[in-house]
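Consider the two complexes below, in which chain A is the common component and chain B and chain C are the respective partners.
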Partner chain A sequence: MTLRKAKKWEFRLTGVGRLCENARVFILPKMCFPLRDGVREALSKNCGGAMKILKIIPEKCTGCMRCELACSYEQTGTFQPSKAVIRVSSFEGHTSYAPYTCPQCDEAWCLTACPVEAIGISPAGAKDVADDICVGCKLCTIACPYGTMFYDIDTHKAFKCDLCGGNPACASVCPTDAIVYGEADKTDWVGPFAAERAKSPAGPLAGVI
Partner chain B sequence: MTDYAYAGEILRVDLSSGKTWGEKFEAADRRKWVGGAGLGAKILWEEVPPEVGWDHPENRLVLATGPLAGLPVWGTGGLTVVTRGAMTGGATNTQANGFFGANIKYCGYDAIVFQGESPDWVYLHIRDDGVELRDAAELLGKDTWETQQSLEKTLNLSGHNLSVYSIGPAGENLVRFAAIQGDYGHVASKNGCGTVMGKKKVKAVAIERGTKGVAAAHPKALFAAADDIAHSLQTDPSTKGLYLYGTLGGVRNLQGMGALPIRNYTTNVWPEEVETQKWEANGLREGFDHRGHQCSACGMHHCHMQVISSGPYKGQVVDEPEYEGWSGAGWTIGATDPQQVTWMNTQLDRACVDVNEFGWLCGWVMECQQKGYITDEDLGFRLEWGDIDGANRLLEMICKREGMGDLLAEGTKLAAEKLGGEAQDCAIYTEVNNSPRGHDHRSRWEEMIDTCTGSGGTMDTAPPVFPTDYGLPARVHPQDAEAVPKHVGGLRGRRAYEDSLGACVFTTRAPMDVLCRSIQAATGWDVDKDEAMQTGRRINALMRAFNLRCGIGPEVEKPSRRYGSTPVDGPIAGVSIMDQWEKMLDIWYETAGYDRETGRPRPELLRELDLEDVAEALWGANV
Partner chain C sequence: MARHVIVGGGTAGWNAITTLRELDQGDSEIVLVADETPYSRMVLPYYLARDIAESHVYIASPPKLAALNVDARFGARAARIDASASKLILEGGDEIEYDNLLIATGSSPVKAPVPGADGENVHSFWTFPQARAVASCVGEGARVAMIGAGFIAFTILNALVNQGVKLTVVELESRILPRMIDDTGAGIVQDWLNERGVEVRTSTQLASIEDKGDAKLLKFREGSDLEVDLVIMATGIKPNIDWVAGSGLETNQGILVDAHCRTNVANIYAAGDIAEGPDAVTGDKVVHAIEPTAMQHGRVAAANMAGQEVAYKGSLLMNIVDVLDLEIASFGAWDDPDAEVFEAVRAERPAYRKLLFHGGRLTGAIILGKTREIWTTNDVGMLKGLVYTGADISEWKEHLRGNPFDVKRAFLASGAAGDLLPETVLGRPSISAHEIAVSS
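Here is the complex of A and B:
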């Protein structure tokens, strides 16, 4: 299972230009901590503007779970949805769905909570866990307000969405374009959707099955 | 590594003793039988001798998936049910989709095989390696949707994290055409597979989304092949309509060629008072508030949930009917209001019977009432054409086997034979008791001959998909007595192969080379379109051999009088299939490589298909 992280590092190291540009915040996660307060600004400056994140349009999701398959393949090399870092949540039983994953939030509570400074920011702008530093204490999974920090019972490490290094698999395989990788200034896509669907019996499909 | 694309294990469940164990799905068997229909046929042939009838405890009920299930090719949550079925008394090959195939493979199994008979009602719960038969007393009497809701509550799971495939009241009471339904609206309906499940006293199979992984031999190539299949589905003229609207377009398309069965085959003319726009594909979709309800990894705009927007059932959430539903719960019984038909379709899924067989049965009762062959007293009430509440009442009577419902629960053929005379003459069935699909096959000869000769409780070849892949013409005239049987016989095998993959037949409608690429990438085999066809023909031949061993031969390969009658009006008025029937069968047998006299696959064909033991069993050692 350690293989999977090794693969990722290797993948990123091929993007040498980008890597150099962001070396300060990326190459050694420990190095990003001196920047912890100003990390966002530093990143914005380096990336030259707003960052790209996963925009989720829950109204378009049909619950086929293809994103989970592609994501787990990127994470583990096999098709294993239990290791996916994007999960599809169901609303109203079997009539409406929404994928959710790490919104790469500004506050990054996972990052600030980590006692061993294992969480850094990747060139793609994703908060990412360095396997060789993570001690598997799960503090980040408690700190994360979105429930998108996961713990791998096989590797005993935390894991989360790393935006696949800037080419997210979930967005490229979604057949209905419910997941789009693009620039955005908002991070909570599912919240309003959930709130609307919770206003039962507002939606005609609400609560019937 | 040999486990690419397979979980590698078959879950065996002995209901008599309550024991469950895993059995290796040998790598050597995988390429020969693939999974799904192939794996099921093998188990049936090896483990169910002729003296074991459909209701015998030693009958096997195989719920299998295949190598593509749980992988990112569209529509790969497939379930194939294989058993000795209650309708024909022979082999069964019937499919449903949803998330069965994906969820069970993540639990580490490629198939579930039930044997024995449980002393009490149980359901099978699977959570990775944790397999348990649990008491189902609380689920009894519940319909299939209620069963799933109840188990979701019990197990505290929602969405696709739990797959439930169950029988409804019909299966519990051994209605002969009972089905197995799962994940709200996916039905394996043919040949009384739900009746077998009921006889074994298994109410449901509840599978939690497992935590294990499925590997592919060449994952990147698999994504590429999946994209190519998707592209073909989205752009090819033969599949674009399916991609956008599923099977909704069938109603108007088939009506145009006289293949929409209206009022039990009594007419082929669209009633003037019925608005055509409502029945176009977009009319049926947009006539309801609807939401996508896709199967595993699927991007088709096919399966949907919808809300009934007017009438007495306004506000109810139902599963958007397939074409077969619009036909079986609608046109066949004279109902032409989509709002009512969709409600009836879900009632049938919930009670869990085959929608086709119910259509033929209910339409027949309606016609018999109109003509006085079944009186109001016989039935207990008056059932007019298009009376949805009446049809639902009939369904309840059948499910509870109340009054005349007890006879009707035996299916159209047995009920009509019991009544005999003029009543029997207007019943739609096949002598082998395969339920015809919801078409008027008098204008689609390929499907009539396929339904009558099929060995799996329904058609074997099914509608031609890219026939040019195998050197056959892209289209033939649907009433051409020479070209039609050549097409049906010549394409025999493709469908059985698709049914073994754990995928959906709507998402495998791509050129065979493209489909094979996905299988190559998943399994690492160098399978090509010819091997695929050989494998499919092997499965078809084995199911036929099984049926012959059970005493089901060519003497029952014909339509009932009404099913094979001549249309009186509409686009093909006066065209008779029965005038050509024997000739068509001759050509079909020749093309398929089967013996016309005995119905047996010829020994040289069986040897070519690597079925030496079957050749010996059918023809003796020295042939």
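Here is the complex of A and C:
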């Protein structure tokens, strides 16, 4: 088991509080929100039953980027948004934002493309890469039509959203419920929001510096 | 009980087997005819790099085939097909009757037709035995000539250079990776290689290979001679199609198949490098000798063999390879002269992006940049999604004309994800091959 995998439970248990504490060192104070009500209860809840996914409600996103930080910490043990597997995009001159991550699609393009069967489905229902089998050929990165398969140049392995084993860090730290982990249809959560902004009279990227 | 006979145990054949079992849980007879024990060609470069053990290369191993209740005939070679009697005839004369036949016999490497090409220490890099032969010659200071600068050559370039090989790449055409990237991209890659000690000779035709003691002396139609210890022939591949002559199957470069991977004979299918099927962008029939197409063909053919009526959209030409941490990928009709082209070069990074449009739809793309850079590795999947779905991104065209590197928001707004989410090949969620269980 790699460090990356082992860290998950450690993080979950000692959790969000420590994330905020560490995050203060690295990020602007405005991003350190108090622990949201109910997070700890949610963390301890059993994740059995129908599949839960990450519901994204971009209208609620403030662009605080805590999801990226929590995700990168969970996935790699470092606060490095470039290694997050959830990514926030800005629209309309940084006045609106949309987080985006793997929709855990039914076709599982990454899984079927893998020539060494390194990608499986975890108990949480997430497509997950087994680091000891992945050779780093990147076929999954071109097979995935969602752009949510990533390659870590330091480990030479593919990596992706694995729903943090059933307790996704991004949803836990989101202060505005823009990312919610729950039972829902797999749908294009961000598309209509982004399309609406593209049609803005000032153009899709008005105001971007 | 239906009998499915599969000829060839590569990616297409293996995916057909797992798909059949995923759909029927063992309720059919599967016979696999394979002249070698199946392995994953895609990982041979990592074997050459000594990153993985030999055992890692075998995917469709005999125990796994047995667990899926497959009657595997290793060492057997198909000789011909009697389509009217639905019989496969093996070399040696044995016959196997079938209800459905899948031809997945792949392709073979072609060596440059020069004197000395069959000599010692001149190898193709295609089969596992060839990979072993190359691996045994590779080490610190070994002088290696790579004849051909296509995708296959580039997949093993890292393994060679990282093991201290003195490498010279020779290409007949005027640029490297001639079927994967354009002149601008090839120029950037060539500079990158030269800066890292790899000599590249383009527009250079090999004339002969002679022995010079234990070494090989290469002579060319242009330029100086080259003395090396090992010659790797990466001069193309051709479908293994000869054995189906006379079977009544329609062929061109490969065996012609429709969107069901079915040939002109209703119970004969073809998949992978040997199949010439519809292209997702153009609709034309083409041979895409790439791993993702072999996988997809295998699944689509098997679903139809199992009695589902599955038509697929076509295969998308796509390749990705990294060369000493420079990432190179292309999708779809990247060399279409009729497309509207937006491109940008950031020579100092280096980075290159080319987007090809027809109206508001992306029909091809080239992406090139350092593997470490976010803009390189993050965008490949989204470019694939846009080309594959043909989603309308008219609203973003002007933005992309100015900055072809910024595709993410265009992708998000395109609705491509919404188009893709309901789509499954088998009409249900995919499962891992590890989860397929066969009822006894």
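Definition applied: the second predicted complex is superposed on the first by the 153 of 209 C-alpha atoms of A that agree within 3 Å, B and C clash if a C-alpha of one lies under 4 Å from a C-alpha of the other, contacts with A are read in each partner's own complex, and residues count from 1 in each chain.
Throughout what follows, a residue touches a chain if its C-beta (ideal position, glycine included) is under 8 Å from a C-beta of that chain, and two chains touch if they have at least 3 such contacts.
Being a predicted model, the structure only gives us computed values, none of them experimental.
Student: Specify the outcome, clash or fit, for chain B and chain C once both structures are aligned onto chain A.
Tutor: fit
Student: Given the touch rule stated above, what does A:70 touch, chain B (first), chain C (second), both, or neither?
Tutor: So A:70 only meets chain B here.
Student: Pick one for A:97: touches chain B only (first), chain C only (second), both, or neither.
Tutor: First partner only, chain B.
Student: Touching A:79 in the superposition: chain B (first), chain C (second), both, neither?
Tutor: Touch partner of A:79: chain B, not chain C.
Student: Using the superposition on chain A described above, determine whether A:173 touches chain B (first), chain C (second), both, or neither.
Tutor: first
Student: Contact-wise, after the overlay, does A:89 reach chain B, chain C, both or neither (first, second, both, neither)?
Tutor: In the superposition, A:89 contacts both chain B and chain C.
Student: Using the superposition on chain A described above, determine whether A:188 touches chain B (first), chain C (second), both, or neither.
Tutor: second
Student: For chain A, which side has the bigger count of touched residues, chain B or chain C?
Tutor: When the residues of chain A touched by each partner are counted, C comes out ahead.
Student: Could you tell me how near the closest CA atoms of chain B and chain C get once both structures are overlaid on the shared chain, in Å?
Tutor: 7 Å.
Student: Please report the chain A residues shared by its interface with chain B and its interface with chain C.
Tutor: On chain A, the residues that contact chain B in one structure and chain C in the other are 82, 89, 204-205.
Student: Which residues of chain B touch chain A once you look at their complex with the stated criterion?
Tutor: Its residues touching chain A are 70-72, 74, 99, 102, 106, 145, 149, 152, 158-160, 183-184, 209-216, 219, 223, 230, 289, 291-299, 305, 307, 315-317.
Student: Within their complex, state which residues of chain A touch chain C.
Tutor: Those residues of chain A that touch chain C are 82, 87, 89, 91, 98, 100, 103, 105-108, 111-113, 115-117, 119-121, 133, 135-139, 141-151, 153, 186-188, 190-192, 194-195, 197-199, 203-205.
Student: Please name which positions on chain C make contact with chain A in the complex.
Tutor: 11, 15, 40-43, 45-46, 51-52, 56, 59, 291-292, 295-296, 299, 318-320, 322, 325, 329, 331, 371-372, 374, 377-385, 388-389, 395-396, 398-399, 408-418, 420-421, 423-425, 428-435
Student: Taking the touch rule as given, give the residues of chain A at its contact with chain B in the complex, in rising order.
Tutor: 61-66, 69-70, 72-73, 76-83, 88-90, 93-97, 173, 175-176, 204-205, 208-209
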